[in-house]
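I've put the structures underneath this note.
Presented sequentially are two complexes of chain A, the first with chain B as partner and the second with chain C.
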Partner chain A sequence: MRWRLWLLMAPALLWLVAIFAAPLLHYAWLSTQAQSVLTGLEPRPVGAEQWLRLWNDARFWQDTWQTLRFGAASVGLEMVLGLAMALLLHQPLKGRGPLRTISLLPWALPTTVMALGWRWIFNDPYGPINQLATRLGLGGIPFLSDPAITWMASVWADTWKTTPFVALLLLAGLQTIPADLYEAAALEGASGWQSLRRITLPLLTPYLLIAVLFRLAQALGVFDLIQVLTGGGPAGSTESLALYAYLNAMRFLDFGYSATVMLGSFAVLVVVAAIAALAFRVGRSTPGEVR
Partner chain B sequence: MTRRWPLLLLVLMTSVLLGLWSLAANAVERVNVLMPAPFADATAELVAAFNRDHPGIELSVSRGPLETEAMSDLAISSLLLGSSPYDLLLMDVTWTPKYAAAGWLEPLEPWLGDDALADLAPGAELGNAFAGHLWRFPLVADMGLLFWRTDLMEAPPRTPAELETISRRLQAEGKVPWGYVWEGKQYEGLSCVMVEMLRSFGGRWLDQNQPELSSPAAIEATAWLNHLVEAGITPPTVTNMAEPEALQAFQAGDAAFMRNWPYAWAELNRAESPLRGKVGITTMVSQPGEAHAATQGSWGLALLASSRHQQAAIEALRFLTSEEAQKQLNLRWGYTPTRLSVFEDPELLAANPVLAELEQALSAAVLRPLTPIYAQLSDLLYREMNAVITGEVQPAPAMQQLQSNSERLLLTAGGAG
Partner chain C sequence: MARLALLVWSLGPMLWQLYTSLRPTEALTGELHGAASWTLSHYQQLLQGDPPFLLYLFNSAVVGATSTALTLALAVPCAYGLSRIGRTASRGLSLLVAAAAAFPAVLLFLAMLEVARDWHLANNLLALSLPYAGLCLPLAILLLQASFRDLPLELEEAAVMEGMGLWQRLRWVLLPLMAPAIASASLLIFIFCWNEYPIALTWLSRSDLLTLAPAMARIAGSSVYTIPYGAFAAATVLGSTPLILLMLVFQRQIISGLTQGAIKG
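Up next is the complex of A and B:
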């Protein structure tokens, strides 16, 4: 019986090995090698040297912090806005169908295109926002040239693009909640706020978890948006781990270290995802309790 | 049975024809060049002419991205595969040592001779050879220039102090909101600016492969760029300016000076440009007694080691970089030539009013460090410089930090220790 089970799972397992395990193992091996333009691209074993280099690399830790900051801020914002959007699109409004389609548009845009768009919107002083601000007598806002502001601009551009994706996931979740629960609550005299807190949110938790995990995985690997919008600047303040790994591989031709940076950021992702999943498990056990 | 004969005959004939066709196709040598899209447009007529004159070779051009780094990504991705679909590559000057060290290029001197660069204008010969071999032949010269408004001043400034004085005066008179725009974004353009400023203040980036970035001259150069921003001569948005943004501000009439490449001159003199006929070019300002420097940024053709049609590819390289081709590229597309004879062509001198200035600027060309790890060195420099002009860190400590980071990089690059 058991072997037949494994046999049936074998194609899927092989597939997983091919696309996940094999590259990861290759990277793990690469991170013990010096393979760069200075070795003529030939691998040369160096033991744990690349990992020591990573540990002592202030830029790696700065990028880790910046990537986490970007992930937390953008995913947090997207969850709040995405939930609001899903609740709105769940209402039996007139023209709901077209509205649902239109609201997905930002998500359907290629990231590079939308990042170019935001680069223009944020342009100082010729972009539309700053033109308006100047006309209103307000000073220009250095969206892309001030380290304290630019990371928020990048979070906003990401939020704009991916909130519809979160809304879509949550909307699917909302549609699984039976209407009679709300009717019963209304009969008992529950307010809209109460049914949101006691019915919608608890039943939506699995969907929220999926949305958070999906989005965290994407946000912590952010590359194209940053590459196009800021190139990692100003003063390195928006550089992400993925951008750093890319620079090491494609610009510096330092594949050994690039693999180490990738694995390092993979470890960060695993830790964060585990914390998020755990937090949800803890959170989920409370609403069911009698109060 | 007999009715099947015609069908069989047809099949036989088709296969014979197909076989002959593929033999004929093999007889033609296919040469594929990867170029950024604008170069592909500009060379389209030349390529057609080459194919007319060379029936045995079929030259085709793959259009790469416009942006230099995106172009490099495409080229490197294909080269990493081992069998690149390209025979020739149009390369930026800074890629040469890196690509050569990676073993992707074929030395050119066995094909072109040891004196291949003898006919080039002074400055254009730089950056093509590395570690004793010639890797690249320059197609188009490019160098950093100082653009100035001929309608706002008599003569361009020659020293940093003069640039400052003229800027302040024009700003005070309300002629321009800003004095000087340049490339200050965290990217390669900022390194190009810095190469010119280092030389202008008597410093250099590397000397005998040792960084010289905390020298008094380097700190002065950095402090001056930072001072421009603090004094309001350069707008604070310079920290996010690449070439297009600087050109946008200058063309809008918002600055009296701009640092940019020759292409901007053509843009500024288009029929619809508000600054048509009001712009002059010269070399970068420098401290009295120091040289006026122009960062060299040429594009050149390189032969890929993986090419299976090297002889034919060299034919194409010779044709595309010939005197006649360069003349056409300048007349039709405004590209700066690399051959001395083209700079001195009377027809071109009559057609192009700034050709003489370009030749002079090219003779002031300064190279960025020629090393396979240039991209890392430059990344360190433009990050630190950008941090200075965004006000994150003061010039002197920044340059000391940059110096020690660069020293460490040169010691440990690639993890090869």
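Up next is the complex of A and C:
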């Protein structure tokens, strides 16, 4: 009986191994090779040379910093806004159904489509935000041409697209919290803020954790948005790790190093996800809060 | 108040695109003042372009449909097996599948590039469903397994008593009950495939085979120094419309699919 169940699962599991595990193993091998224009695009073993190069590559570390900054800012914003959106969509208001659908629309759009749209919205001086700013006498904001600002513009666009997804995950969590908990709290004279902190947030923790981990993994692999919105510029200030790996393969035709950068960014991702999961576990087991 | 803010936040950027797409270029850069003037020229340009813009939408629909079919063919049996295999095995496997679901697909593009090159699968729309099915499987398995587990076991036991084999039970008893869950999962898979970018970018180079996402990036990169934003905006409007319609028609299935996935996944 059991072997038949395994037989049913085998095709999908093998497929997953082929699509997810095999590439990572292949990269591990490729990262010990030089395969670039210099070698005639043929792989040639070089030992740990690529990894040393990665370690000393200022551009890799700068992109790591940029990717972490982007990930922390966008995931943080998305959690706060997503929770607010979920709380709003949870309330029994008029037009709740249509509002849920409308707020989810940004999430459904292809990233390249919405990134191109935002490029126009951020345009200096013709985009709507800058037209408004000019009319108010604030002058133009160089959203896409100032290294200090452009990364925030990319966070803004990412937040616009993915907050609805976070909100829906959290909304699912809110729906599992029994309403009488809130009624009991209200009877005891708890304010809205108190019941949010004492009831909603603790019970929502598993959902927050799922949302944070999932969004972190996606944000640290950001690619589509950056490529279309800024192309990594200005002056490389928004270049993400995934974009750097992509450029190494497609523009510099340096496949060995591209694989090394891929594995390097995967390592960054694993470390950050582990830290986030650990932080949640610690935060959860801290007693003081529950009284 | 809060509802209005949410509406403006969600719809504002899209309405701005719609507005832009209907305005002549001179009006956008402020060279044309006064009288409101409107134009459909940006849309005409796109629809008569080479290749015509609708071809991208068609290509995306083809890739989305074949990938969804392949994903389901693999995911349904796997989800059933996972829901019946017993606690320890299913726990470990589910965790791995969930990790795969979160994995950023862009990190696979280099390997996919080599697959496409070595097996001569580049510029083949149908072959694109091979990696796409792999990318969508984790989500599909997680969603469907949760729904399989919700079906009462007694139902299957009764079917066994009737002398139905595994295949018959799946086909005649379980799948009909799974229809809503399968519909939700299909929609989410379809949306993912419609939107996928990095793999499509590496597999497709012929302009008449591009799907929407890489076509859009190519349009975006085509002219850096001029500001053809009317054409850009028309492209974003046309590119968004099919999915917005899909969302509006199937809003209940999509939202329940996402929330179910969160509760049980």
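Descriptive notes on the structure:
Please note the rule applied: the second predicted complex is superposed on the first by the 271 of 291 C-alpha atoms of A that agree within 3 Å, B and C clash if a C-alpha of one lies under 4 Å from a C-alpha of the other, contacts with A are read in each partner's own complex, and residues count from 1 in each chain.
Everything below uses one rule, namely that a contact is a pair of C-beta atoms (placed from the backbone, for glycine too) under 8 Å apart; a residue touches a chain by one contact, two chains touch by 3 or more.
Fair warning: this is a prediction, and the values are worked out from it, not measured in the lab.
In the superposed model, A:Gly236 lies in contact with chain B only, and not with chain C. Looking at the shared chain after the overlay, A:Ala34 reaches chain B, while chain C stays out of its contact range. In the superposed model, A:Tyr126 makes contact with both chain B and chain C. Judged by the number of chain A residues each one touches, C leads among chain B and chain C.
In the superposed model, A:Leu88 makes contact with chain C only, not with chain B. By the touch criterion defined above, A:His26 reaches chain C but does not reach chain B.
In the superposed model, A:Leu253 makes contact with chain B only, not with chain C. Put simply, chain A uses residues 123, 126, 231, 250 to touch chain B in one complex and chain C in the other.
Touching chain B in their complex are the following residues of chain A: 34-41, 44, 46, 49-50, 53, 123-126, 140, 142, 144-147, 230-236, 247, 250-254, 256-257. Across the complex, chain A meets chain C through its residues 2, 4-9, 11-13, 15-16, 18-20, 22-23, 26-27, 30, 85, 88, 93, 95, 97, 99-106, 108-121, 123, 126, 128, 160, 164-165, 168-169, 171-173, 175-176, 207, 210, 213-214, 217-218, 220-221, 223-224, 227-228, 231, 242, 245-246, 249-250, 255, 258-259, 262, 265-266, 269, 273.
Those residues of chain C whose C-beta lies close enough to touch chain A in the complex are 2-3, 6-7, 9-11, 13-14, 16-17, 20, 28-30, 74-75, 77-78, 80-82, 84-86, 93, 96-97, 100-114, 131, 133-135, 137-138, 141, 166, 191, 194-195, 197-198, 202, 212-214, 216-217, 219-221, 227, 229, 232-233, 235-236, 239-240, 243-244, 246-248, 251, 254-255, 258-260, 262-263, 265. Note for the complex: chain B touches chain A at residues 69, 72-73, 76-77, 98, 101-103, 185-187, 235-240, 245, 248-249, 252, 372-373, 375-376, 379, 383, 386-387, 390, 392, 412-417.
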